[in-house]
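Two complexes are shown next, each including chain A; its partner changes from chain B in the first to chain C in the second.
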Partner chain A sequence: MGILKNIADKYRHIFLAFLILLCMPAVIPVPTASTILIYGLYALGYNIALGYTGMLSFGHAAFFGLGAYGAGIAFRYFNASVWSSLLTGAALATFFSLIIGALCVRKRGVYFALLIAAFGQMFYFLALSPLKRITGGEDGLRGIPVLSVETPFHVNLADPISLYFFILVIVAISILVMHRFLQSPFGSLLQGIRENEKRLRACGYNTNFIKVFSFSVSGLFAGLAGALYTIFLGYVPLNSLYWLTSGTALLMTLLGGVGTFFGPLLGAGIFIYFEDTISAIVARWEIIVGGMFVFLILVFPEGVLGTIRKKMEQFGQTESKSVQERMLNWLKK
Partner chain B sequence: MQVILGLALGAIFILLASGLSMIYGLMDVVNFAHGAFYMLGAYAIYTLNRFLGNFGLGVAFSVIIVALMGSVVELTLLRPLYKRNNPLYPLLLTFGLALAIPDIIKIIYGLVGKSIQYPESLMGSFLLGTLVIPKYRVFVIIFTFTILIALWLFLKKSDLGMILRASTRDKEMVDILGVSVPKVMTAGFTMGIALAALGGSIAAPMVAVEPDMGVNIIMQSFVVTVIGGLGSLGGAIIGGIIIGQVVSLTSLLAGAYADVAIYFAMATILLLRPRGLFGEIGRE
Partner chain C sequence: METKDLSINFNGLKAVDGVNFRLREGEIRSVIGPNGAGKTTFFNLLAGNLRPTKGEIWFRGKNIAGVPQYKICRKGITKSHQITSIFPALSVFENIRLSAQMRVTQYNFWGKYRRISKVNEKVMGILEEIGLTDKKDRVAANLPYGDQRYLEIGITLATDPVILLLDEPTAGMTPAETRETMKLIQNLAKKLTIVIVEHDMSVVWGISHYITVLHNGATLAEGTPPEIKNDDDVRRVYLGGH
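Entry: the complex of A and B
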């Protein structure tokens, strides 16, 4: 029993999250829920670079889009299976994030972010015009056949619920992997880079290498999310490469709390849900998004989870241990 | 002829890039909303043109109005963020503005692009041998050149200009010497926005005036600014000229790759010379 309890303790937040995700399609329209999962994965990946390593990137849409197009091309032109296409998309995104990361890693802050943005734009415009014959240009990549998974057992992806649970399985595994990755000593290194890179370098670590590694991992998950997006949509929209998609990752991460683990997922949930409900009512919801951004920055820069965490820390310092306190501690990370 | 077009395009880039550079140099803020103000300048001239009928006056008023909007933004939204000491926040805020402002315009003016006629005196073209050179483009080039000279004189010779330059180098020192730094920042930001609005107003007859016109130009302006070096006015000028030519020539030779080319150029230059052509070391 002891071992199980240990595991339960360490992973309680993840269990809670999985529980919520399992129940989500009962409460929200299924396509919305699927979208939340996909963008959540994207944002979680993004947060590895931003929240944990401190690397701001304005071009992550490049990796999301590469994953999406990679999978799309595999489906369309090579009749690949679902698993191969996911792999292709993720691999493509990881490959490019490795290269771009390696090229840009020496630049600081703003320059880094803008450089990544430049690459992102390059991919976008490449897909728009010169590579139109492959990518479908403005219309996006269409002509993807109806999908289903055959191994290890048959899943009909045309059915929204099956699709949701398929995506959920992939996202859940990714979350577990990410969690292990970030909780490991290597994860601490990442946070060290965020806090004080010079000091880490003085300790003898090759921070550039670590940063590139972190960036590639971030790109991997972004690409995986993109590939899932293709499976979900049935085609690849051009704007998966657009800088607005990069900004969306940023917004969701910010909304949920930069540097918290589940923040981006929560942020994705809130954002996508709002987008779906509000765009049904209001035609021009971009003001709301922009306004939300502005409001968040001014008032709640730590995001939802970040603010909760902050409040709980303050709370913890003034009150003595009570049942309430222990309950809060149980919820706190 | 392409060279002239490239120069005219470059002129607009220069106006935007100088503003961006100034704002970054002064406040360490990357103004993502710069394109939005450019767009506001264009819409302002569109609106005023109908009322005033005089293009020159229209431009002047457009710039003033949009610049005032800029100061309001700085005072209400950006200033609270300075004390947080993290350049990320103002950047993200301007990003949010870049999303929100075009949408507001869409509500007011609708989605369809507008167009403005060239002012009477500047319609038509010159004939230079076999070359047909549009008069308006030449005007843009000459006008921008004049503005740049005025700007340079202002920065070099006037007191306020000196304070601005000093604040770019060392804000704390300027503060210690008794100058109100917040006011300087507001002034600098406003000037940067004014330049963007000016760019938008004079670009208006040349391009389609639509709510999203700022979106593409902001990225291109970043390219110019970064190539020239954030914080350097001279760099912005050179960068503008280069990029203007790059865009113009690649449009001619390999249309589809025109957009890709700029970003490729930016990536290349940044990788080879991290601070841009004229940026100051230590700003990276």
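Entry: the complex of A and C
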């Protein structure tokens, strides 16, 4: 019993998160809930780069989009199964995040962010026109057959609820893997890079390698989210590669709390829920949603979870500089 | 360790110019000289922060000039920084743990970092040595300045150096802290070789076995503390009224 209690204590927040995710489709519309899961995974992956390693990226749409197109192309042209399509999407995103990461890693701060953005837009324009015959150009990649999973057992993905729980299983596994990765000796180095990269290098670590690795883990989960998005929509929209999709991940992460584990997921929840509900009522919904975000950031300057955590810590002991503050310092370097 | 004709140019400025330097095992060596003499640059060359334009650095039978800093650190040459460089938002324990982990495991993606007892024991040992055991859970940024300097030395020690380069270890310390640091350095010298850059001459006279004086990027004189005290050239360019 003692051991069980110990485990329950340690993974309290994970249990809580899974419980909320399990109940979510009962409370909000199922497609909205599925979108929250997908973007939540995307933002969680983004946060490995931004919140843990301190690498600001304006181009994660490239990896989200590559995951989406990778899965879409596997379905459309190779008649691949759901599993192998997910794998293709994630592998494609990981591969390119590895290459792009390795090319850009020597640049820091805003220069890094903008270089990644440039690469991201390159993929967007490639999909828009030179590769039109494969990607469908502006129309996106359509004609993806209705899908079902056969192994290990039959799941009909045309049914929204089954689809939701299929996505939930993959997101839940990803969350566990990510959590474990960040608790590993290697994962513990990421915060060292965020805090003081030069110092970590002076301690005998190959920081460039660590950054590239972290960036491609981040790309892997973004790509997996993209591949799930293809399954969810039944087609690949061109704007999955557009730079605004990168901004979405950044906004969700900031909204939920940079450097907190579940913050980005919460941020995605708030973002998608407001976007979906308000855009159904008002035509110019962006104004209202934008206003709400401004309000939220004013109330929770370090993101919802980040601010709550800070308040709780202040209760206990003295506080250090906020992650945001340090990110700003890092950008100035 | 030995350097041969070690030089570096910054846009034509010869910051370090043909230094031949030979370090004996187990000694405390001080590098002194007026401001701009190239002491810090010389240190950065030894630790691999900078790549020499010319010359060689021999360590254990290998020329390590131009080898990346992290590899030099793994070979056992580590530098503590003149400007305190720590991981501000992490705990004191975690600051040293990150550094101590390097010798034990680097590319372990699945273990639990909190559970590596070999690393944890090593960290506790170092905390004891630098006197921060009871502050191990404090956030590093909130430590008083003197403690941050000790933490800096602790992070450096955790990499298991053979040669420890200390760049102005007592800068900004109170006289009491300075005495403590001198004691710490003398204790460390029982196990490893130490090179320090220092402006506080009482520290230099107090602990050095041997002194190298740099001037305009070149070696002006070398010798034991009494020899250096009585060297005419050194008195002229550096010691002046001391």
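We adopt the following convention: the second predicted complex is superposed on the first by the 301 of 333 C-alpha atoms of A that agree within 3 Å, B and C clash if a C-alpha of one lies under 4 Å from a C-alpha of the other, contacts with A are read in each partner's own complex, and residues count from 1 in each chain.
Convention: a residue touches a chain if its C-beta (ideal position, glycine included) is under 8 Å from a C-beta of that chain, and two chains touch if they have at least 3 such contacts.
This structure is a prediction, so every number in the text was calculated from the model and none was measured.
J.: For A:Leu103 in the superposed arrangement: first (chain B), second (chain C), both or neither?
T.: A:Leu103 contacts chain B only, not chain C.
J.: What is the contact status of A:Pro301 with respect to chain B (first) and chain C (second): first, second, both, or neither?
T.: Touch status of A:Pro301: first partner only.
J.: Pick one for A:Phe119: touches chain B only (first), chain C only (second), both, or neither.
T.: A:Phe119 sits against chain B, while chain C stays out of touch.
J.: So, A:Ala68: does it touch chain B (first), chain C (second), both, or neither?
T.: neither
J.: Could you tell me if A:Pro130 is touching chain B, chain C, both of them or neither one (first, second, both, neither)?
T.: So A:Pro130 only meets chain B here.
J.: With both complexes overlaid on chain A, does A:Ile38 touch chain B (first), chain C (second), both or neither?
T.: It touches nothing on chain B or chain C.
J.: Using the superposition described at the top, list the residues of chain A that contact chain B and also contact chain C.
T.: Touching chain B and chain C on chain A: no residues.
J.: Sort out for me which residues of chain B touch chain A in the complex.
T.: Touch residues, chain B against chain A: 24, 30, 77, 80-81, 84, 87-89, 91-93, 95-104, 106-107, 219, 222-223, 226, 230, 255-257, 259-260, 263-264, 266-267, 270-271, 274, 284.
J.: Quick check on the complex: what are the chain A residues that touch chain C?
T.: Touch residues, chain A against chain C: 180-181, 183-189, 191-192, 195-196, 198-207, 318-321, 323, 326.
J.: Sort out for me which residues of chain A touch chain B in the complex.
T.: Going by the criterion above, the answer is residues 56, 103-104, 106-111, 114-115, 117-119, 121-122, 125-126, 128-130, 132, 243-244, 247, 250, 254, 284, 286-287, 289-294, 296-298, 301.
J.: Can you name the residues of chain C that touch chain A in the complex?
T.: Chain C reaches chain A through residues 47, 49, 68-71, 73-74, 78-79, 81, 85-90, 94, 97-99, 101-114, 116, 139, 141-142, 155-156, 158-159.
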